[in-house]
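Next come two complexes built around subunit A: one with subunit B, the other with subunit C.
Take a look at the complex of A and B:
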């Protein structure tokens, strides 16, 4: 009696209800309202507000600070993605070798990733100051010429922020790459070595294709994390000097909570949403095609 | 092929050198946290007369004990709710192929992409109308919903790869669906539950933006916001600030080093999910 059996073993739909209600209350309904508010002059308090069409969006593209913040957001996302993953992969290859300290190093190098970002950012704000430890260290090792105001100079500040994030999360990328590397069977490596493939050739032809799932996750995490970046910028520079390190997230916060322009702030959040959506779907399409092609 | 050769030794040395560079900020952090304010030597030279005075002062003046308690409360409650509702929801979503099931799963996937900045401002208004602003319950409610899509996604991926035979047998033997879930499905979900537990705990514990919004101006703070307030108050007293930073990092690192294997596997575990 296959029919009866199936009817009895199907879990009921209401199992999904509590999760759905919470999700709808916290994410779906407020997000939908947010999209609506983006077309109004809502100030966050007054229940009376009026529809202003695309005014918030056209104001945004005339607002040099907003346009700059969008560029910073994209630059941060791309730079973090490239540098953090390149370093993470190198660290993973190093830790996956025959060295004796590999287990200790793995635990140690990942540790920054579990520390609260706002806390590491305050730590680095001091280290990167004019009299901070970074400049002292450069002085001691004879690189005094490299000393500068890492967070106070508009040309350097954005790169300092990127450096702090890479410091914190390179170990995270490493751990995910490492899980990918350890899923590569030893036999395949040995077979390739017997067939005369050198280490570089083995990496490219054996390891790299099998790393595709780890790469997908790592790229997704770093791109989306980079686009939404808030804590570190808030604590390191507050978006300054001037607006040199403002990102979409810091601008959303400032416009809403220091300027009271909720409608405009939410329009910025809509732009952020569109960027995240485009980046993640685009990446999903490209990488899933690659994964299929290489597997 | 994994023999220890001369170039392995060179690799070992360079990896240790990298680890020292990564650890350098932590050295400076501790070095300055134990330093009396009168000592103005270079931040990288070891402190000559270390003191614990900064720690006692930071603990008392920063109300860090209360913040620590709030963080534990908010994290424990939210993570418990998220794991409970998400694992329960994942069960039908992974097993039923009807249209409502696929539609609900797609809605959760949409939630993965929506940045919380979009929802947090309108939700701010709702929380205010409900009288929850300034209380830890606003955060518990927020994280309980925010973390659902990602957690459901982990559970559904894991469940789909599991055989149905055990649940079927339990239900045929007379279990109700809820008993079947509680006593048969949930135990099989243990590996992915560890992953979800680790990732959600770290995400909730470390979040700064949400408590900054929903708890601003209230005496009830979580650790990250208390730290930000502390830095705002003692702007240049870095020895004191660093002591506060150490206090906030210590419980996290302690748990990390005790449970490092499960935690690292938890982070890497999303890969298999």
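Take a look at the complex of A and C:
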């Protein structure tokens, strides 16, 4: 019966064609053409470059700065993902409760996420200086021993950068969790309470499973954001002192635009793309399976 | 089947039209417009504006379309524009070699027009000429020069009852005395990695080039290395200064901006910087008086040299849309009027003699050193690639934070130097 066939719910494939073509020409084709340069010694300027095969990739593993930058990138991504989401969830549970002034608090906590990263980075660069507000504050409250050279010490600088990013985006995670929390029906909570479940039990057995989609989104965003991190690091420390806070992104930028080693920096960018793809696909697969299992 | 193909066709046409619109737009944006329009890209933020105004006034009907940006962003943008054929007619070009926007780097692939036939080219002093030329031809209209030294805050010095030292021994005594009074001698903003090199350059000028003015030729010929030269001594003196307390606490956590604030407000007695910092210090403390002096590195004051070098100049695009106007602009920059305007606003010194420019008293010593041939170019301007300098900058930060040693840094710099261009 032709009429039945026409009533199918999936739209015909060519509906997506204009968008796909545009995406291909604006994103895919230029990116693929860019990847080609990862196998050359192009300096970004001279049209007379040559094909060097996998040299750029093997050079990467002999380059201590690159190996270190990959570790920093992974460390930042993991630390941000864990801390930012834990904090975001706690904040969401807090402002979702019946406390007074919760609307003011929501706005207040979300505000940093609205500011341009470069602005917050410059702000913190001054707050975290040797005579900055943070050290002065420790001095005033009698915690002078906690004073640090926050951005100048190689042991502390990376954690300062992570702290600034968590400060900025914890509110962002909070909003996504909050949306998830508000979709949890009150009736289920009431039913569970009548059945004798305490607050912790209600969170674990009722809220947590229903929060799974929000968690998936939040983890995905923070992992990708953490791996690709550039602006805040560049503005806060420039990757320094030395290379103590260099991430793959800052190294790519420096190799390309300061040293003119475009071939090598594009090879680094290819590695970054692969890491992002593997990490995000992997966690998406795991979490969406969990989502199905728990819901 | 026909009805299925139609939308596909429309989609393809739409995409095609969109792409055509994009590429068309780029081309239109790149052209210079009428013959009375000059395009210019500059890194001289805060001074080029006045020069452009004066140029437009001197040439009625001419319009200069210009953009200004910081060095990092500029270098990135100009390389992309040159490679894609959309670069402006006139652009900032750094002297010598060793950075991505330098004369040699841009002249080598043929992106710059030969300016040797311009009237000012023959008048350049030798120290400037060497870094304005590539293979014997002049490509860079260098209008100003700068020097690195100790810039003292006169009021703070008077309050501390100290005078600028002129020997190495006096310098260390000066640092100790200043520290004892609670105002360290010099502000150091090593968080911005380009700042790390300035003290070292000031020391290298005297320790390396004092006994051997031909050090660069020896390096180029492979007969000298950083590690086994006076560079090691200079680096050691830099660290001795740090250990003696010549700098404020936590230089690695202090940025350029913060270091200016320290010196301007008298929390330190001075700052070791280029002469360009004087205008910035005055901006932060209009009542202050600041004087640039040579930084001593030996106990014989007559040996002291100052690193002084050509600043960024202007090159003409080999494929300029409006070459006549481009040359006119460059010649205006190199005329006494244009040069004075630029240099005065930037707080530097003119590159050509006989401009009739009266030197600011704060730069009297620098001017004297230039006049008596007691200057050496900034070290990186004669290095074969940009990597040597970048290795030095991050390496100095690593030494200051205990992640590396002077020996290791100099060996790395030698390896990068030998890698060539």
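As a convention for this text, the second predicted complex is superposed on the first by the 270 of 295 C-alpha atoms of A that agree within 3 Å, B and C clash if a C-alpha of one lies under 4 Å from a C-alpha of the other, contacts with A are read in each partner's own complex, and residues count from 1 in each chain.
Simple rule for what comes next: a residue touches a chain if its C-beta (ideal position, glycine included) is under 8 Å from a C-beta of that chain, and two chains touch if they have at least 3 such contacts.
The structure presented is a predicted model; accordingly, all values stated were derived computationally and were not measured.
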Partner chain in contact with A:276 - subunit B first, subunit C second, else both or neither
first
Just to be sure I read the superposition right, which of the two partners does A:25 touch: subunit B = first, subunit C = second, or both, or neither?
both
Contacts of A:50 with subunit B and subunit C, given as first, second, both or neither:
neither
According to the stated criteria, A:126 is in contact with first (subunit B), second (subunit C), both, or neither; which is it?
both
Quick one: is A:237 in contact with subunit B, with subunit C, with both, or with neither? Answer first, second, both or neither.
second
So, does A:258 touch the first partner subunit B, the second partner subunit C, both, or neither?
second
Subunit C-contacting residues of subunit A that also contact subunit B
17-18, 22, 25, 44, 126, 131, 256-257
Could you please specify the touching residues of subunit B with respect to subunit A in the complex?
1-4, 8, 11-12, 14-16, 18-19, 22-25, 28-29, 32, 42-44, 81, 84-86, 88-89, 91-93, 95-96, 100-101, 104, 107-108, 111-126, 141-142, 144-146, 148-149, 152, 164, 167-168, 171-172, 177, 180-181, 202, 205-206, 208-209, 212-213, 216, 223-224, 227-228, 231, 238, 241-242, 245, 248-249, 252-253, 256-257, 260, 263-264, 267-272
In their shared complex, subunit C is touched by residues of subunit A numbered 14, 17-18, 21-22, 25, 44-48, 125-126, 128-131, 149-154, 237-244, 254, 256-260
Touching subunit B in the complex, subunit A uses residues 5, 8-13, 15-20, 22-28, 30-31, 33-35, 37, 44, 91, 94-95, 97-101, 105-120, 122-124, 126-127, 131-133, 136-137, 140, 167, 171-172, 175-176, 178-180, 186, 189-190, 193, 213-214, 217, 227-228, 230-231, 234-235, 248-249, 252-253, 256-257, 262, 265-266, 269-270, 272-273, 276-277, 280-281
Which stretch or stretches of subunit C touch subunit A in the complex?
4, 7-8, 11-12, 14-15, 18-19, 72, 75-76, 79-80, 82-83, 100, 105-106, 108-109, 111, 190-193, 248-255, 258, 385-387, 390, 394-395, 397-398, 400-404
